[in-house]
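Please find one structure pasted underneath; my questions will follow.
Chain lettering (A, B, C and D) follows the sequence in which the chains are written, and residue indices restart at 1 in each chain.
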Amino acid sequence: MKNLFGFLISVTLGIFMILALTNTNAFPEFGHASIDNRVSSQYLNIDNVEEVGSGNIVTAIVVGYRGFDTLGEVTVLFISALGVAFMLSSPKQKRIDLKFKPNFMLRVGSKILFGIILVTSFYIILHGHLTPGGGFPGGAIIASSVLLLYLADDKFRSNIKSFKILEGVAGSLFVIIGLLGLVFATYFLQNFLPAGHVGELLSAGIIPIIYILIGLKVGSEIAGIVDNFLTEEESA
Amino acid sequence: MTFFDIISIAVGAFLLIIAFLAINSKKIINSVLFLSALSMLAVVSFVLMKAPDVAITEAVIGSGLVTALFVFTLLSINRRDAK
Amino acid sequence: MIQYAAIILFVFGIYGLFTNKNVIKMIISLNIMEIGLNIFIISIGFNYDGIAPIISSTNDLGYIFVDPLPQALVLTAIVIGVGTTALGLAIAKNIYKTYNTFELDEMEESA
Amino acid sequence: MSAILLIAIPLLAAFLSIMMKKTSSYILLAVGIFNVVLLFILPDGFVIIGGFRQPLGINLLLDTYSRIALLLLNSLILVITYLNLKSYKSYGTILMLALAGLNGLVLTNDLFNFFVFLEISGIAAYLITTSNKKPRSTFHYLILGSVGSSLFLFGVIILYAMYGTLNIVGMIRLIQASGNYKEVILPFTLMFIGLGVEAKLLPFNSWVKGVLGNSNTLSGPMIASVYAGSMSFVLGRLITNLFNFQGSLLTIVTIILAVGIVAGDLMAFASTKTREILLFSSVAQASIIALLFVNGIIIWAVYLIIANALSKTVMFLVINKATKDVGSDESQDLRGLFIKNILVGVTFTLATLSVMGLPLLVGFKIKLAFLTGLADANHIWLIAIILIASVIEGIYFVRLLVKLWYKGDKEINVSYNYSFKTVFVIIALALLVFGTYSTPLNYLDNSIDTVMEEVNNG
């Protein structure tokens, strides 16, 4: 009975949405979206591109034009990490028993891979304003390298305390850079460094700096979440 | 019918099939794996629609870390049951 | 086509939330819904002739690009989705600790 | 000085406070006081972020409307934190993020930014409800909240695909220029449903019972007054400026809200648990507020939000403290609660009577004013429904009061400390003073919301 009710509601919703969207002239047909009438055309305007200085326009939007959204997004991740730690952690914790014993090769190999993955993640973060990637995937890759260490060694625990400090410092620096914009320029999060030439590594003003902070913050937060999921109370 | 159309129809159909399986499969671990596959297909569709940034992020976060979190949750539960 | 698939995926997620009574599967349905929404967001900015909005120098600006703004929005939406999922799973673990089951129906009996 | 500090300072404090957990509640108090003081000196107008002009970047809008909302929510959070300083120490950081999220929600002038703040404040709310120790109701809230914000985002994206902007003022301008209301029915419906989940509107609010029915002195007032108040404010702003319901959509929304009022009051009537009576009454009130916004009676809706938030703070604090000490929230078990706490009893009674809308209290003045407004707009059947609902409300509240004042079989001991009593007395006095001397309420009128002016200026 309840299944039928749910089925009916979702089918009605789906049909309603598809019909309404196909019958609306203002809604662009798939594959024919034109950015001429949208605000995006101004993001691709040559003056604006040179002002921001980032070759990757998506990065320019994420960190530049809509940097405030990104601050909010980092906050969302921060508060979820906080919540996960709040619900799952207790004063004394030990690793969950994974039922397999890692051998020597696995332990050593994972340490080597850890270094390689870490370097890759920094490359991705540093080139966020030139190539696809940036702080979010980079940070997630940092976290997955930590995850690798956790999986390869059943005794391993990273230093959660230092992650918390890294997380707090990176987040605070993000806000402080925003406030510096208020002091050195006129507005919050405004770029107060030279924009440089589009396409060079040292360009785009504060964008790479903010992306590095985001990467560190995302990495430490997700690593903290992973640690919380892989540990449990001592007594259990 | 262009090459893009064929691929997009195939991806769309796969998306729906796998979503259906993920919702209706009996074992939870299967649902989790189907979710991971769904995420990977979403990456394909992002690449098709010229969104490399999103594709990278979804590949790392969506199909990597989220799946890991699901699996860890299930692992800790199973272990407690075994005791 | 991908656009319709995205809408149907979104509706699938809602259907899954209605029918599934298992906590983990409800979170999975939520994720399916979010994936559908993300694909939909990207699809409204897509153009057959467009190229990815990444330039190596200002000379490239003459081309047609796909809309970069939806892509920026999806980046944000994905990360928010991860946050919600992680929180949901943590609550699920707590639920298991309290009621010893993931099934919402069985909980009412034991609670 | 710029309004961005209202959001940036709580965020900065939250990021710093995880390194010094012990002091987080005190940092929150300092931040709250800073925000309230700041609200009195900030100038009105747009706040640009990142130095990008209107459609390119995100901006915030501070006007009298948002200033009232911010004053209410900042000072309420301050009071609630102060009262829970001892019992819920570890929630300091979460409350700071809730503060930042709600401030951003009220201030922002960008639809996607609105979604981001909706998520921040939403996740903060889920975490606040974990203090109930009922993971099941928290989970229910999380699922419904996430679905709600996803639906909201869906609506926003459709609007962006049609009009090519995310700026609220710019969007209103473009929708007015196109003049085709039929096109926007789908996105507006999705957005309204999405916000309805958070604003406790029936039928999207099945989370409320689990969350508020098990609430404590932190989560009760936070969710029932602070969140409900801010959500009503932002929903009101979107309804009056952006949604602007017309035609068949207007009829449907009005019917849904009217049913919500009656159903909320009936469910409260049927319940014997004190917390459930309070929560269903606030569900009904949320629908009344939304109904007023739909009919363009802005200023009295604003006063109603404020009066409700204040009274509900008192009521939930009194009942939740008593429930904690007695161990049950059945009204039968709480008999004679006020015999030993006469002062608390009087303030609780005043708050209840104000919600019911009896003379001498501010609730009466507000109810009279908005009923007159509805009569002017020729909505006779809406007046009838609100009056019927008020009668039901009157019956169950009087029944509750009688039980709480008269002695039962058991003697119960609940003691409220001085800080609780001070807050109760101040709020009750405010309700009384503005009820008898209501001239100041007439100074403000519907023009406190300046979004429309900005639209026409452009």
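Criterion: a contact is a pair of C-beta atoms (placed from the backbone, for glycine too) under 8 Å apart; a residue touches a chain by one contact, two chains touch by 3 or more.
Values in this document were obtained by computation on a predicted structure and should not be read as measured data.
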Counting one step per pair of touching chains, how far is chain C from chain B at the shortest?
1
When I count C-beta pairs in contact, which pair ends up with more: C-D or A-C?
A-C
Note: chain D sits from chain C at a C-alpha centroid distance in Å of 28
Averaging C-alpha coordinates per chain, one finds the centres of chain A and chain C separated by a number of Å equal to 15
Taking each chain's centre as the mean of its CA atoms, chain A sits from chain D at a distance in Å of 31
Roughly how far is chain A from chain B, centre to centre by C-alpha average, rounded to an integer in Å?
19
Give me the residues of chain B that touch two or more other chains.
52-53, 57, 61, 65, 69, 73, 76, 80
Of all residues in chain A, the ones touching two or more other chains:
17, 21, 28, 33, 35, 38-40, 43, 56, 58, 66, 69, 72-73, 76, 79-80, 83, 87, 132, 136, 222, 225, 229
If I count partner chains per residue in chain C, which residues reach a count of at least 2?
1-2, 4, 8, 10, 12, 14-15, 17, 19, 43-46, 48, 52-54, 66, 69, 71, 75-76, 78-80, 82-84, 86-87, 89, 91-94
Determine which chains touch and list them pairwise.
A-B, A-C, A-D, B-C, C-D
The residues of chain D that touch chain C in their complex are 112, 116, 119, 123, 126-127, 130, 135-136, 138-139, 142-143, 146-147, 150, 153-154, 157-158, 160-161, 166
Given the complex, residues on chain A that touch chain D span 16-17, 20-21, 24-28, 33, 35, 37-40, 42-43, 48, 64-69, 71-73, 75-76, 78-80, 82-83, 86-87, 164-165, 167-169, 171-172, 174-176, 178-179, 181-182, 185-191
What does chain C use to touch chain D in their complex?
10, 14, 17, 23, 26, 30, 33-34, 37, 40-41, 44, 69-70, 73, 76-77, 80, 83-84, 87-88, 91-92, 94-95, 98-99, 104, 107, 111
Chain A-facing residues of chain B, complex:
52-53, 55-57, 59-61, 64-65, 68-69, 72-73, 75-76, 79-80
Which residues of chain A touch chain B in their complex?
56, 58-59, 96-99, 124, 132-134, 136-137, 140-141, 143-144, 147, 222, 225-226, 229-230, 232, 236
